[in-house]
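For clarity, chains are labelled A, B, C and D in written order, and residue numbers in each chain start from 1.
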Amino acid sequence: MADIVFWIISALTVMSAAFVVLNNQLVYSAVALLFTLFGTAGLYVFLWADFIAGIQILVYVGGILVLVIFGIMLTNKIKSVRISHKSMQQGVGGVVIFWFFIFLFLALTKAPWVVTEAIEPVGTVRGIGILLLTDYLLPFEIISVLLLGALIGAAVLSRGDS
Amino acid sequence: MNSLDSYLFISSMLFCLGLFGVITRRNAIAVLMGVELILNAANINFVAFSKFNGMNLDGHIFALLVIVLAAAEAAVALAIIINIYNNMNTVNIDDVSELKR
Amino acid sequence: MENILSLLIWIPILGAIIVACLPRDNENLVRYISAAITGLEFIVAIVLWRAFDPVNGSMQFMERYEWIPSLNISYILGVDGLSLPMVLLTAMLFFIGVFVSWNIKKAVKGYFALYLLLNAGVLGVFLSLDFFLFYIFWEVMLLPMYFLIGMWGGPQREYAAIKFFLYTLFGSVLMLIGILGLYFTCGKTFDILLIMERAPEALNGVLWWGMSAAKVIWVLLFIGFAIKVPVFPFHTWLPLAHVEAPTAISVLLAGILLKLGVYGIIRVNYGIMPDQVYWFAAGLAFLGLVNVIWGGLCALAQTDLKKLVAYSSINHMGYSLIGIAAVVAAGEMNGSDLKAAQAGLSGAVFQMFNHGTISAMLFILVGVVYERAHHRDIDGFGGLASQMPIYTGITALAFFAGLGLPGFSGFVSEAMCFIGAFPVFKAIVVLSTIGILLNAAYFLWAFQRVFFGELNEKYKDMKEINGLELFTVIPLAIITLFFGIYPGPYLDLIKATMDQIIEKIAFAASYGVM
Amino acid sequence: MIENPMILFPLLILFLPLLSFIIVIFFGNKLPRQGDWVAVGSIVTTFLLACYLFLQMFLNYDPDFSHGASFSWINLGEFKINLGILVDNLTIVMLLIVTLVSSCTHIFSLAYMKGDIRYNRYFAYLGLFTFSMNGIVLADNLISMYMSWELVGVSSYLLIGHWFEKDSAANASKKAFLTNRVGDIGFFIGIMLLYSAVGAFAFNPIFESIAGGQAIAGTTLTIAGLGIFMGAVGKSSQFPLHIWLPDAMEGPTPVSALMHAATMVAAGVYMCVRLFPIFTPSALIVIAYIGAITAILAALIAVSQNDIKKVLAYSTVSQLGFMILAVGTGVYTAAFFHLLTHAMFKANLFYCSGSVIHSMHHALHKAHDHDTDPQDMRNMGGFKDKMPITYFSMLVSTLAIAGVPLFSGFLSKDAILAGTLSFAQHHPEHFLLPFFGFLAAALTAFYMFRLIFMTFHGNPNIKSIVKNIHESPKEMTSPIVLLGSLSFFIFYTLPHNFNPMKDKGWFTDLIVPRNSAVPGSLTSNEIAEYAHHAHYLAMGLSLIVASIGILLAYLMYQKKVISAKNISEKFGFFYDWSLNKFYFDENYNRYLYQPFLRLAHTISWLDWEFYDKYFINGFGKLTKLLSTVSGKFDYSGIDQGFVDGFGRASNTVGKLLRNVQTGRLQNYLLFVVAGILVIIIAQAF
């Protein structure tokens, strides 16, 4: 049962991602991205990463996707929802990426992954919290400063030359 | 059962699709979306390795950091794109070739 | 006292640094400091001489420090009867040379700094007993020389300097190959004394490209040294460099740098591969003959006084070559004639010293007249004898010393070279005695054209040689005369070392591979 | 050892002149009279010391009288050179000759050289000259003899070139030195040959070793002997190296006297006498012929010379030829005897000619005549009454040299001719030797009397000069008188023989010939025996030839019965050759010096213009060419063709790609991915 759900979610993720990439309507792409992100969150759940799944939905779906849609809105004159955009070098790119995938696939199947079995934890939040404030305190702080910097930078950049 | 390989397979597909998007799209925002896909693929890998390595939470931390980075990147990138649009009235990457001359 | 040899090398280096730090404007200060440094150097050399034990033929005052242990490179210095006279000569000529170059006007500071550096290089070559060190000093010598000729020389100075540089560099490259060959065959060491011990065994029967390794190394090293001597086919840098160099540098070139060649042949080629001497001696004597005749004939045809003296150097070094070839007389196959070997080798080493003093004198004297007349064309003078009697007298003395007149040291050494080489190389020696005639011919002819005849009107106000110039020449003249009348002190100094070399070569005849 | 006067005095004799040389050359200018008294004083002292030695010799009256001393000069263990002196009768006689003539020269020069610009140097050089000659005389080994030998050369160089402002003097001095050096080369080769065989330089060990016959013999010894003889050829101006001596007349006349009589040229004969034991019979033959040829050749030249000093010069060469001839025929003590007598009368002849020239000079000076050559005999004549001392003294010496009985020359020349004749009697194939000898003797008598008649007799050729001719001052006449009187036979036949026809006297008693060291040679007794048999024949013949010569001269130049002009025209060819000295100088110049100089220039040209310029610089040029080529290759080939070509190619490709893809960012990304792909593939395989 869980397998079937997993594969369904996986299929959803991949197909929506393909839609994001291949479709010609920008807004559709954004919507398809929503599904991809959701699917990814689902996969996180399967990976016992409850906290990450939540964050995924919160940040990506709630933040980034909205941001992207805002970006679309701000950079196109909205006549209809169909904002078309063209792709290029799809032929060559496709072939290259296809072979790239083949090799990636071969690599990951051939590689002798060391797998350590574990039991499902009750929750990951506690562990992540402890780690963040102990071992990863410095990266945490740095990434927060970076985030702050990025926010200020984004604000400054998008304010225009007034 | 859903082994490590399957997650890696999915993440690799996501990665390749994202890369394809980055390579083929003309619209900057669409490119950004491709980047998001790539980042997601990476995150799936992190979390998957985390799980299959004895539920080691380090991977989660990295995923978290990547998400934060993605957010920051998206914010800055969109700000730049909007700026570009304001200046050049287009978001087509081809047309933004001031540096090339 | 233990580090006296290091002192000898480092005083001039320090001096060069001091001179380089002096103010540019105060030229006299630079001169006085240089004179003081070379004077100190000379005193140290004399102290060394007094402390030296002439009965002991092996290395004395050895110093040995690790330097680059991973490549077995050490800092080894030592002095024996072969190098001591050369060290003394070097110290003396450099001291005198400062006064010869007293009138240098251009970039005085740079000149003397390079001059002192050259001094260090030359002493280093004479004193170092580690091939790596030896080679470094060999090259250190080259660089200041290049600039000294190239910047302070005559009209063709750049050409002369570059020619000198390329010639010598060519030689040193071959020498380096030879040294590396020894390094790798003799157990990866640069220690000359150690190589001397090991080489006969290590090189025995070793073949490189189907040729005996010892012969290949011998030839490589020989060419390296032959260019410095200079031996006949490699001699053409010399007239040019001598002519274009400033007086003091010509003095040093002829007085000391040429000796490095013969010194190197005796120290390195003879010391390390005594068995190969037998193979090469006839060639050496023949080259000596060619040097004598060729140099003499060329000198005869010169119209430039300095060039004449330069060619006479080639001629005189030929006697030295004939002399060192004579050691083979000590071998069994030549009847173990120790008399001849001793006469030849000691004569050659004596000739090195004598040519050092005599040619130095000649170049200084040519410099004196050049400074006054601004040309050196032999036919452009005439009758100077009545205008400058003292100068004429001293030049006559130098010329007679140069043509090997008895009573001057040159005669003793030349005669010893000939007498030594005669039993083995009869034909060569007989032919090279023509050199005695050539010597006399070119010196007397030049003397006549410059000094005899009616006084050239142009030079009737020519000033007599002054005190400073006399001061540079007189000591050399006295040394030349003293050793000409009583060569004993010099020969006693070198005797023990020469005997050791001869013994080694005589012994090598017994196992020599030929 | 040094306290022994027989060692100490010779050492003093040796070094006093050197001391005077050093003092006079360095301090002469500051001393009163330019230091000439130092030189004269020291030389007279040596003469007195020599007289003491001579007296000792007389008192001992021992033919084997000999002393020696030596010190180690070079000692290298095996190779040793000991320098030393050897004092025996030969040495003492020679020392006496040298110091006597040298003293006379010094005294004579006091007047002759008065006012010369380099007065002190002249006396200094005389000291050096005497020192070097004494060095040769006293040497007990080849090395110190060779050293002094060379020093004699150099002092002659300095003295001949005393008036170096004259080109001819400068040339003559150089010629003298170089010609001597040619001989010295042979000498040195001889020394080396002997040393390499014998292992010693000192005379006695060499003689012993040769007598042993083991170390050196046969051809090698002959070559060694001839090599050493070559030194004598140079120094004693024998054919073919005789050319320098007549030119050496450019020096001051007293120097000529010293050089011709006692030093320099005597050195060669002295050496032959000293080293006679080493000459093999075949070497002696060569020596004899060289001596004979020199004697006749120089006599033939002297016949036609007009310069008074040239005549004397060639007569010296001729007499030296006699001496060498005597050495060659084995009667070497006769050679030494002739050396002794010749030294006296030849020195005197030179002084007399110097006296004549001196007064001619003054007379010409007074007459303000600067064109007339004061040495040309054709400008003289009739000086007999004006200069009586000079005239009589010169006449005596001329009689001596011509070989007239009662005079010294007769004794010595007779001994030589007797030896030569006996040699030819035993070796008839060498009949030319006595023939040349007697012919030369006749010619000697002829040209010497020609000189006397032309100079002193007859009518003055230039009247204005004659009235100003005066006898020379005392400094000049006293040596003339002294030496002139020494030309009488009596001084040589003391103490027990007063027969002018017999040469037996102290000389023959004390200077006894030694046997040749060469095994198989004639002993000295045998030679003396043979010579004794030929004695009367030789005496008669020599008397006849001398009178013929004198008579001819008398008829031609005094009575003018026979016209010299007619004869010279009749024998124009010979006269021409004789006058021009058989064209030796010209031929040497043409076939020796010039080609040699050309060779030198060619070699120099080869060295500098060809070898250096094309070969050595050719290497440079070749390298330059190579670097140019490689530079060209580098630039147009690699850089332009390859690197730039690559650039161009990628440019083209890029353009192509640009045409298709317009070079966008994503394009590059694609390449990145493709590149990763390639790397993966490469890794995989």
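Following the convention adopted for this analysis, a contact is a pair of C-beta atoms (placed from the backbone, for glycine too) under 8 Å apart; a residue touches a chain by one contact, two chains touch by 3 or more.
Owing to the predicted nature of the structure, the values given are computational and were not obtained by experimental measurement.
Enquirer: Identify the chain whose mean C-alpha position lies nearest to the mean of all protein C-alpha atoms shown.
Expert: Chain nearest the overall C-alpha centroid, as shown: C.
Enquirer: Give, as an integer number of Å, the spacing between the C-alpha centres of subunit B and subunit A.
Expert: 6
Enquirer: Between subunit C and subunit D, what distance separates the C-alpha centroids? Give it in angstrom.
Expert: Spacing between the chain centres: roughly 34 Å.
Enquirer: Rounded to the nearest whole Å, what is the centre-to-centre distance of subunit A and subunit D, using the mean of the C-alpha atoms as each centre?
Expert: Result: the chain centres lie 117 Å from each other.
Enquirer: Please work out the Cα centroid separation of subunit B and subunit D, and write it as a whole number of Å.
Expert: Result: the chain centres lie 111 Å from each other.
Enquirer: Give me the residues of subunit A that touch two or more other chains.
Expert: 88-89, 93, 97, 100
Enquirer: Would you give the residues of subunit D that are in contact with at least 2 other chains, written as numbers and ranges?
Expert: 664, 666, 670, 673 - these are the residues of subunit D that touch more than one other chain.
Enquirer: Residues of subunit B touching 2+ other chains?
Expert: Within subunit B, residues 19, 23-25, 94 contact more than one other chain.
Enquirer: Go ahead and list every pair of chains that touch.
Expert: Those chain pairs which touch are A-B, A-D, B-D, C-D.
Enquirer: Enumerate the contact residues on subunit B facing subunit A in the complex.
Expert: The touching residues are 1-10, 12-21, 23-27, 29-30, 32-34, 36-37, 40, 43-44, 47-48, 50-55, 57-58, 60-61, 63-65, 67-76, 78-83, 85-86, 91, 94.
Enquirer: Report the residues of subunit C in contact with subunit D in the complex, numbered from low to high.
Expert: For this pair, the touching residues of subunit C are 163, 166, 236, 239-240, 294, 297-298, 300-302, 338-340, 342-343, 346, 383, 385-386, 393, 400, 405-407, 411-412, 415-416, 418-420, 422-423, 429-430, 433-434, 436-437, 440-441, 444-445, 448, 451-455, 486-488, 491, 495, 498-499.
Enquirer: Which residues of subunit A touch subunit B in the complex?
Expert: 2-3, 6, 10, 13-14, 17-18, 20-21, 26, 29-30, 33, 36-37, 40, 43-44, 46-49, 51-52, 55-56, 59-60, 63-64, 67-68, 70-72, 74-75, 85-90, 93-94, 97-98, 100-101, 104-105, 108-109, 113-121, 124, 127-128, 131-132, 136, 139, 143-144, 146-147, 149-151, 153-155, 157-158, 160
Enquirer: List the residues on subunit D that touch subunit A in their complex, please.
Expert: Residues 661, 664, 666-667, 670, 673-674, 676-677, 680-681, 684.
Enquirer: Spell out the residues on subunit D that touch subunit B in their complex, using ranges where they run on.
Expert: The touching residues are 662-666, 669-670, 673.
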